[in-house]
Amino acid sequence: MKDKCGVVGVRFDVEKNRDAAALYIYYALQALQHRGQESSGISVTNGCCVLSDKGMGLVTDYFNRERLQKLAGYAGIGHVRYSTTGGSKLENSQPFTVSYKNGTIAIAHNGNLVNYKELKHELESHGRVFTSDSDTEVIAQMLAMELIKNDIVEAVRETMKRLVGSYSLVILIDDKVIGVRDPLGFKPLCIGHVDCGYILASESVAIDTLNGELVRDVAPGEMVILGEKIESYKLVKCKNHAHCMFEYVYFARPDSIIDGKLVYKVRHNIGEILAAECPTDADIVSPVPDSGITSAIGYSNGSGIHYAEALIKNRYVNRTFIMPAQELRETAVRLKLNTVKSNIDGKRVILIDDSIVRGTTSRRIIDLIWRGGAKEIHARIGSPPIISPCYLGIDMASRDELIAAHKTVKGVEFLIGANSLYYISLEGLVKAIGIDKDDLCTGCLTGVYPIEIPGEKCEDKQMKLNQFAPE
Amino acid sequence: MKDKCGVVGVRFDVEKNRDAAALYIYYALQALQHRGQESSGISVTNGCCVLSDKGMGLVTDYFNRERLQKLAGYAGIGHVRYSTTGGSKLENSQPFTVSYKNGTIAIAHNGNLVNYKELKHELESHGRVFTSDSDTEVIAQMLAMELIKNDIVEAVRETMKRLVGSYSLVILIDDKVIGVRDPLGFKPLCIGHVDCGYILASESVAIDTLNGELVRDVAPGEMVILGEKIESYKLVKCKNHAHCMFEYVYFARPDSIIDGKLVYKVRHNIGEILAAECPTDADIVSPVPDSGITSAIGYSNGSGIHYAEALIKNRYVNRTFIMPAQELRETAVRLKLNTVKSNIDGKRVILIDDSIVRGTTSRRIIDLIWRGGAKEIHARIGSPPIISPCYLGIDMASRDELIAAHKTVKGVEFLIGANSLYYISLEGLVKAIGIDKDDLCTGCLTGVYPIEIPGEKCEDKQMKLNQFAPE
Amino acid sequence: MKDKCGVVGVRFDVEKNRDAAALYIYYALQALQHRGQESSGISVTNGCCVLSDKGMGLVTDYFNRERLQKLAGYAGIGHVRYSTTGGSKLENSQPFTVSYKNGTIAIAHNGNLVNYKELKHELESHGRVFTSDSDTEVIAQMLAMELIKNDIVEAVRETMKRLVGSYSLVILIDDKVIGVRDPLGFKPLCIGHVDCGYILASESVAIDTLNGELVRDVAPGEMVILGEKIESYKLVKCKNHAHCMFEYVYFARPDSIIDGKLVYKVRHNIGEILAAECPTDADIVSPVPDSGITSAIGYSNGSGIHYAEALIKNRYVNRTFIMPAQELRETAVRLKLNTVKSNIDGKRVILIDDSIVRGTTSRRIIDLIWRGGAKEIHARIGSPPIISPCYLGIDMASRDELIAAHKTVKGVEFLIGANSLYYISLEGLVKAIGIDKDDLCTGCLTGVYPIEIPGEKCEDKQMKLNQFAPE
Amino acid sequence: MKDKCGVVGVRFDVEKNRDAAALYIYYALQALQHRGQESSGISVTNGCCVLSDKGMGLVTDYFNRERLQKLAGYAGIGHVRYSTTGGSKLENSQPFTVSYKNGTIAIAHNGNLVNYKELKHELESHGRVFTSDSDTEVIAQMLAMELIKNDIVEAVRETMKRLVGSYSLVILIDDKVIGVRDPLGFKPLCIGHVDCGYILASESVAIDTLNGELVRDVAPGEMVILGEKIESYKLVKCKNHAHCMFEYVYFARPDSIIDGKLVYKVRHNIGEILAAECPTDADIVSPVPDSGITSAIGYSNGSGIHYAEALIKNRYVNRTFIMPAQELRETAVRLKLNTVKSNIDGKRVILIDDSIVRGTTSRRIIDLIWRGGAKEIHARIGSPPIISPCYLGIDMASRDELIAAHKTVKGVEFLIGANSLYYISLEGLVKAIGIDKDDLCTGCLTGVYPIEIPGEKCEDKQMKLNQFAPE
């Protein structure tokens, strides 16, 4: 399960810091590297022209002193990307930069447009062409069209009227850095204050890394413009929001604060609630590292059962290739995870994981623990069963692949080979997050989505009250 | 003086050769490598989708077995590029590929649009955006606009109505490979026949390399479509043409046949005519390698003076960096050219070069020969003085830099340090080429251009009779 | 504090697995990647010749399918390296391969020869030359000299007589894979059994990764020969051993079993003992990740104080460059570690770290936690004060840089800015490890070393009873 | 047919030029790039330590500004390499650098030791080890052994006593640059004078490139030491020499002066003598480019037959891969050479080539010319038939592969498909070179070698009078 992207924007007071925007973006992108490892890019302006550089790989693999020194400017944006289907190509990497009548626009996008194809077809029917297959190019073209007719605020407002889906955007127009969040607030975006300037970032850890201070989240439907000063425009009002609950469960770093909630605290709550919802007698509670760690600690604190590491993760294995030799069939798992036998042997183990998607990884991990000599294995999952795909930016799996779309909890329990399996209840998860259920997107857990998606059910609470607000 | 590009298109009978288009393009591009060494690219179709790959460097540096094997298809195009101003960036490399309403278009372009900025501004004023700063993207956008309204023939005809400048295009639309040459025929483009298919190429050497046969040149104003069969459409008729005479003098390989004329023969003629126009007593005649070689042989044959190599070229020095140390001031020249002293010492030398642009290289070379002990040096130049810039695709120099724009022949003679300097007459050059003067572009030699260029004189012979022909 | 290397050897039954030695080594080296990230290398034999490949970077960065397929063989060795002083050069990477009279020897070495310079000078005084500056080349030359006079067993015995220092060696001679461990057993080396063959590895996790079974440790002073069968030779006997206690505290993976002791258990014990030796009232106990994690869990279990993560580590930052801008002075730390404020704010924090070397990192981390709003910070360290350098293979620091060599515990406490500082007692550490104190090397903690080092004190218990044993 | 290497040494007056040795070597190696394209390397000293860098590829591919700036020194050596059998490995690249008792020696070697294996076995039998499979390491070890017993002059003299074969060496010992040429002078080596210092180089073009002056050749058996001043030692005297005649025919650049003879002049003579020895009526004389060019000019001047280019060489094709498709069977040749049809069609062509080794290339080229419509083709070869392998440093072919070892001239004529074939006579070649036949190595042309080679005949004139001269 992979998220799509991380975005950053930085705007300095040109009198105080004329050159360092790219350097700040470089550090901020490193703090967001967990949101995408495929490609990274930076675009900055020095007031005269836009300088861009992007390439495949981690931020620190691609960018070096020489590349950064060529990117002197006082305002800019950055992006790290994990590719969904559509392919791992340099053409799809971001920021996406286009020239138009009045200059250059650079856009960095986290999210997924549900009506991407319709918008693209509409533009194509007017003879427009596309050089990539990303939805970001659609946004860029629509925005450019509006910008030759309107000022920035109206242009963004008009563009937002057409976009359906999730989008947290950071845009460089002239020397302004603009942040936009979709009306339902699927993906996070926050504002921070640093020496001599302001920053926009997908997660607050990027602000921490720059020794800055988190000011607040960008509100759903809001546009902020970082220029000489910060301007804010509430462009679209919705009665409810639809924050992605998987940011708390899995994607975000535990040290991030998203929509006012510290992720660490949410995950700790999940563990405590799991312990309370389904009390289980055991010798140890252990996480599947890394995403299960905090919940396992919470479970231990809630239940009084000893926290112990049954599994150790190899920190250096990102990409390896596996030969299909029979005798090495387990090595793929063993390269990433190994067991600590003394914590397992003869023990009743509660294993905490964030979610189950296809079930294959869970089965392999549980098999490893059985081989370590466990007496019992009880799987406890930090999210309810995933029964429906995500259309809003998570490259999860198709419905066919989602095990919980086809099997009961008992069926999954049998398949993964655990003595017992328990998923946190939806109510429990909502309580752990601390945000009203009506303000969360739970499409993948309920099959009911906050926006209309062809072939899926739509929860009308959120969308029907949408309205484009006068400024 | 650098030309911009080489283009190739290949279309096989899908029944007979389903996969090898990229391989043929790969070899053909190597034969055209002298036309551009900065980047190379290939786009092919397998009938379903378009596969593209392009990168910086020579064809054999970038493409390897693995990259080629991923490009399986039976029709495709290729491009080698030398960048003019605008920068050596991967974004500007070709083929330029866009998706539009009906599919994908890939374009490879040799030439230069004179009204590029006007067309771009017009498109931008309709809200269109650009992702590169090449004129090829302008052509791609215009063509896509037409293709959603018209069939290919009409779409190309309508597009050509708007384009002013030089363009030899090879275009991949669906599984058709289309060749287009501008109405004045500035840049070369020819058709060849190979096993199981047809080929388009900037020069006939690409066809020779594939053991194919040159069928004919694409005519100025003609479009050919390579599909199941070859179709030809004369879309624009002009009374006269404007073939670039520098293709014969400098750019093309001597073994190429361009617009019916073998380049070797033209260069040999140039040498003979130089000998006839300005008889000179000397001990040897020697070329500045490589472009002066054939003319020097012609001069020797015409004059009876011994042909000898006064200068030897280092075949391995393409890119080196020069430190500004005083004692190494001559090394930049010496790395590329060295003298054969016994051919020079005490000799009267006739030195044949193709052209003089800035004069600095000529001065350094003549200085080298003086140091070799020459008794006399007589420079003979295979083109008339270049007095005006090229706007049609040659990255020559600005008018300020053109030495002949500011100095008399005597002035240039003094500056380069030769005992005498003689440029071939325009009539002599025309005679050497064997094409009517009214069918050649001599803008850089006369300051009178075959098309209207702001601030320059225009020869109306060629343009005023232009007309877009009914099919 | 960095260890030097990880070594692996694999020997298959040639009838059963003729080609896959390199693949097994590739996976095993990934499991040992934490022991060295600078360069990696593999040498294998197919029975006829030795094939080698080595390069800079992580195992998965350098080796790919193509490189591995060229290394077909049934016996081989591998190495991952962290460079000490002497430089990060490809020449110094391993396995170190030499040809000699009877064939080829490849050696992979973990450790440090104390008498390296003397041995090298002695060889040089006989006119021998060296192509690297590694001590491994000295071993290779000495071994080759012996091998032309003796069989393998005698050759190794004679070589070991001259070597002073730490060395766990894996050697490929003909198609035999030989493991040698120095008489005091400083560095780990163990034997495992896999399908169709045997394996030698620095840590047992490499065996786990291959789904093999740990057979036993190679004993100090022992040589094992993996051929058609396993042969064992106890070449040197010492009354006591000198296992490096930092393998348990810091270097090894927690899931490894070294000299019979599970590292996880040792670290958990350390936490419990710290809690018992210095009871402290606090709200949470938190590790400095990653090396402090297991001890912090042990501390929590021992004390009943809640385990919580005060610090989150960025998993993607290995190499970044830091600009010396004043306002980014903290970013170097923040890129690697960020605080979870809710776990800190207003809390009394017990912080568990494995060791303090220079003190600068500790000070910065503690400063971060203060900024997070901690009420009290109590540093608890899993090893006694490091007062003396390591000469046996750890690139720790010079005596000048070791803060505990110059300051009292109170002085260090003041410098790092904690409310209190407590180091585990030497007795406590020994108890945690569960190996007799006389069988551990505690040179860096006591200044008394198990072997003679010029200018340092030597504990004669271990060395004086050394003797080279008859086979 | 490929030569092995090019060598360079530079020594500046430290007071006048402390840092630029590597830069001069970099330029000089570019001038020698035709002697080896596989790897390149530079070693320099700053008076304190030796700095080395070497890598695969052309000089300008591997070395850049950054690499050169790290090589600051006032004395140094360089090497370009073409690998013979033994493999294209970085370990075998040069300069070969070893540390020994008194410091560091760096050696660059052009040539081939005939008794390499014997010397290596002898050293191995004393327990010495080798890290490469080049004969240069043997020389390095022997020299180091001598240097700990003797001064440089005696050490080199003693080493030379043992070496049999061809060797032009440039050696860096301390801050002295030493040039050594084997007693028979197989391979070239010359001395030049540049600003603030002296230079040694395989060919004089390297000196020209640095705007230096050729002082003289290093004499066979001579050692020169470039230090504060130049010292010369004639260490070995032979009555006769054995200069490789293929340096003149093929390897060297035509602008080089080797052993007092300008290569251009020799090649021109070869053409004139071919015309005289075998008068032939024809329409044109044409070279196989590049090595046949100068001889073809000489032939034209000697015979009065017009010089014309029947073949054009593609300057950009170094490495390409060829697919074994039937229809592309000729492309391998066509990529490198194409015909100028108007020069061939209906013409009687005299084709000048430097040599015939296997005959396959000649056959393909002649086939190309037939397809161009030639009426007659007469092959004229600038060297006598090659009937025996080279043991002295040319990677020619085995005897089995040498077509002239097995076929008569008529037989070769038939095989290559020419109307007539004529090889220059040995006497003609000797006359063209202008060096006494007794001072040339003609082993490959006669089967009688100037030194003893097991299984081959030896001409005792040269060797029997060898003696090691007192200084």
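Points to keep in mind about this one:
For clarity, chains are labelled A, B, C and D in written order, and residue numbers in each chain start from 1.
Following the convention adopted for this analysis, a contact is a pair of C-beta atoms (placed from the backbone, for glycine too) under 8 Å apart; a residue touches a chain by one contact, two chains touch by 3 or more.
Computed from a prediction, not measured in an experiment: that's the story for all the values here.
Shared contacts of chain B and chain D, meaning chains that touch the two of them, come down to nothing at all. Separation of chain B from chain C in touch steps, taking the shortest path, is 2. Between chain A and chain B, the centres computed from C-alpha atoms are 50 Å apart. Centre to centre, using the average C-alpha position, chain A and chain C are separated by 37 Å.
In whole angstrom, the spacing between the mean C-alpha positions of chain A and chain D is 62. Within chain A, contacts with two or more other chains are made by no residue at all.
Applying the touch definition to every pair of chains gives A-B, A-C, B-D, C-D. Residue ranges of chain A in contact with chain C, taken from their complex: 20, 23-24, 27, 30-31, 33-34, 37, 58-60, 64-65, 194-196, 205, 208-211, 253-255, 262, 264-265, 290, 293-294, 297, 300-301, 306-309, 312, 314-321, 323, 325, 327-328, 330-331, 334-335, 338-343.
Residues of chain D that touch chain C in their complex: 90, 97-101, 105, 121, 124-125, 127-133, 140-141, 144-146, 148-149.
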